[in-house]
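In the two complexes below, chain A is the common chain; its partner is chain B in one and chain C in the other.
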Partner chain A sequence: MKTEPLNEEENEILQEVINIGMGQAGASLAKLLDVFVNLSVPRVSWVNDDDFVVKVGELVACSGESWAGVRQAFYNQLEGEAFAIYGANGCHQLSGLMGYDESEEMAQEELLLDVTNILIGACLMGVAKQIGKQLDFAAPNLVGIDKPLAELLYSRDREWDQCLLIEVNFCLEEGDFSCHLVMLMSEASIGQLRSGLIEFMESY
Partner chain B sequence: MTAALGDNSLGFIIDRVDVGILVVTENLEVVLWNRFMEANSKVAAETIVGTNLLESFPDLPGKWLAKKVRSVQLLNNFAFTSWQQRPYLFHFRHHRPITGGVTHMYQNCTFIPFEGAGGESLVCITLFDVTDTAISHREVQQAHADLEELSHRDPLTGIYNRRYMETELDKEFQRVVRYGGKLSVLFLDLDFFKKVNDTYGHQAGDQVLIEVTQRITSIARATDCLARYGGEEFAIMLPETDTTGGLIFANRVREVIEKTPVHYEEHVIAVTASLGLSEYVESTESYDALLDQSDKALYVAKKQGRNRVVCFLPDM
Partner chain C sequence: MSVALLIVDDSGFSRKAMLKSIPEGWDVNITQAANGEEALTALRKGLGEVVLLDLTMPVLDGFGVLEGIRDEGLTAKVVVVSADIQPKAKFRVMSLGALAFLQKPFNKESLAATLAECGVYSED
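The block that comes next holds the complex of A and B.
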């Protein structure tokens, strides 16, 4: 089944919806962690199977070759996968904020999963709510720690030709924690996305 | 959900489903505690409902749990825990007392925020028993580790094989190049080994290889890396060893092989070995070069009449 890609106007609304959603996510995170959260303006683009890794690589381009990655699937009216990609510095300083005991051996991995779940949940729920779509999440899992990006995003058989890529960069005002969030929505969700965007536009 | 089911049926299903279900308030006061939780914790619902969860379970990670509950309520979003990072939330016995080999039930948990009938904010925690998954995962990892170890070994003698030895030598070589230190490589070849095979048979030959291996192992240091390099050829990496130390060791090896013949069935088989030694110096270009030098020294030892140790010299 071939789905028409979004037109220019729909893309603009999408960008707006995403901006609002991420803003809300940032606000609730700030409330939870009691620190100020900086978010980049989300970048929205369409990617196809071949240039997926390259494109994500360009988006997150910054120092260091090693990354930690966590993936989380979402499903229901919108479906796809989201990746949180953390730089080599990881997020040690977040452990205190999240209520982890530094001495806990597994804390680092669990922390990555927890933070990812919160970031992805907040961002995608923010978007889904605005366009009136239902969304559920599977448990996040660790793709790798200390690995090059291509290895984190590698998949043997992708089921899609084209997908929507949303990238946003989070960082805390204090300290050097930062994280790239990459959300990929499959072609199958585009019909739902479009109907939601049209409704959103008409409600104004 | 279907309208044909009344509240009673839903209550029954929630109580009897094979998943732990509990509901808590933001202060961790228990509102619901299903039968799975009762059966595994031996704490009855009527005892725990209305009390603080931590009173009955003081071993729970209280600070963490409170944060978790608060975060799902605040963000109005699910949260998860996985057995791989947090083996369990509640320390329950598992249901594989005979076949398990584990000490507790592994659990995956989901935290679901929702609003109670009176508008109060509640969190439902579901708890899945994933002990079987954890055990299979552990078995796969163990098999993987066993295979990796096997791939390093020579099946007959049990010592390392050539490939593993070269990997280790490469690492050690790079270490001395970068940080300095001593490194020697010893090659050993059994003299007239073909004759042993031809005269007494291959099983006798195998017995000789096994015994020689045991004798070398008994006098080697734990840090030395002994490998069967080819048929009757052995290589020994000697870290932190120069030519002087290497020669002492090489001669002990030669003696321990020559001193006692190998007994196989009614046969008494005299065995000797030739050895070639070379030491890393600054001009040594690679670990390959070091191996090559030891091999050349070994060749000279053979030519000079066998059963001896020869050190590599640049004019060889």
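The block that comes next holds the complex of A and C.
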């Protein structure tokens, strides 16, 4: 059975719920790096597996450059996978802010995994908590460093016929660091998501 | 006399939630704006004695609205209502002249308490 995409009202509530999760993730990043983080307006769309890479390319809007990507799956009442996509210069800046030596490749990889874990965890837990749903996470894994975007995005756990695509981004006021969080929520989770969103709305 | 209250948020849902959470019996005349530019336009017309202001918005964000109020010498009592919970965000809006910072998600009680603290609304 085909799942109905979210209607306009549900989309609006979801954006607000994501906004709250993103705010928590941004605050965690600000604390970790001791910087001011600029937040974005969350973007939500419904995609097919075929147009996923193109769509994310549009959202990130800088194809052709090289990126680092970390992927983290989530499951339980909501399921899907999330990607954190970092610009190459941003990775260097991140190491610098944390006082790491750039020559330490292992350290940089660990740093990306840690930062991703914090951002995705705070953002999605923020969402799940607002709408009263259970959520667990798999360990994050590094998909690649200095790779074109498409290559990072093709390494997915599984294919989704249709899914909900959520994008938020964080950038620092100073320097080149930016991170896009791209979250894919499976069609099977939409029922749970919808019931949670309606409950959240009714709490007002 | 009723108070000119301006609600500024890009999310229609969030504006509705604010409308529903306004203390009952508070005599207000409400205007809504979906971004910072719309907010400044309303403020120039005197439609915002008290402002409930979101921060993360397209076109012009809440920080930009506070700067506009300062630069144009507009008079408004601003309560920031935002999910941007960085201590530095709060510090910045307070330095730009906001009276209070209310964290999202808010509810009726926390909104009434914040408005009362700022002296723009009294619970009795």
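Throughout what follows, the second predicted complex is superposed on the first by the 182 of 204 C-alpha atoms of A that agree within 3 Å, B and C clash if a C-alpha of one lies under 4 Å from a C-alpha of the other, contacts with A are read in each partner's own complex, and residues count from 1 in each chain.
Convention: contacts are C-beta pairs under 8 Å (C-beta built on N, C-alpha and C of every residue); 3 or more make two chains touch, one makes a residue touch a chain.
Computed from a prediction, not measured in an experiment: that's the story for all the values here.
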item	value
First, second, both or neither for A:196, with chain B first and chain C second	neither
Chain B versus chain C as contact partner of A:118, first or second or both or neither	first
Partner chain in contact with A:109 - chain B first, chain C second, else both or neither	first
Partner chain in contact with A:87 - chain B first, chain C second, else both or neither	neither
Touching partner for A:69 - first (chain B), second (chain C), both, neither	neither
Contacts on chain A seen with chain B and repeated with chain C across the two complexes	none
Chain A-touching residues of chain B, taken from the complex the two chains share	61, 63-64, 66-68, 70-71, 74-82, 84-86, 108, 110
Chain B-touching residues of chain A, taken from the complex the two chains share	28-29, 31-32, 98-101, 106, 109-110, 113-114, 117-118, 121-122, 125, 136-137, 139-142
Parts of chain C lying in touch with chain A, wherever the complex brings them together	10-14, 16-17, 20-21, 55-58, 82-89, 92, 104-105, 107
Chain C partner contacts - residues on chain A that touch it in the complex	9, 12-13, 15-16, 19-20, 22-24, 26-27, 30, 36-37, 39-41, 130, 201, 203-204
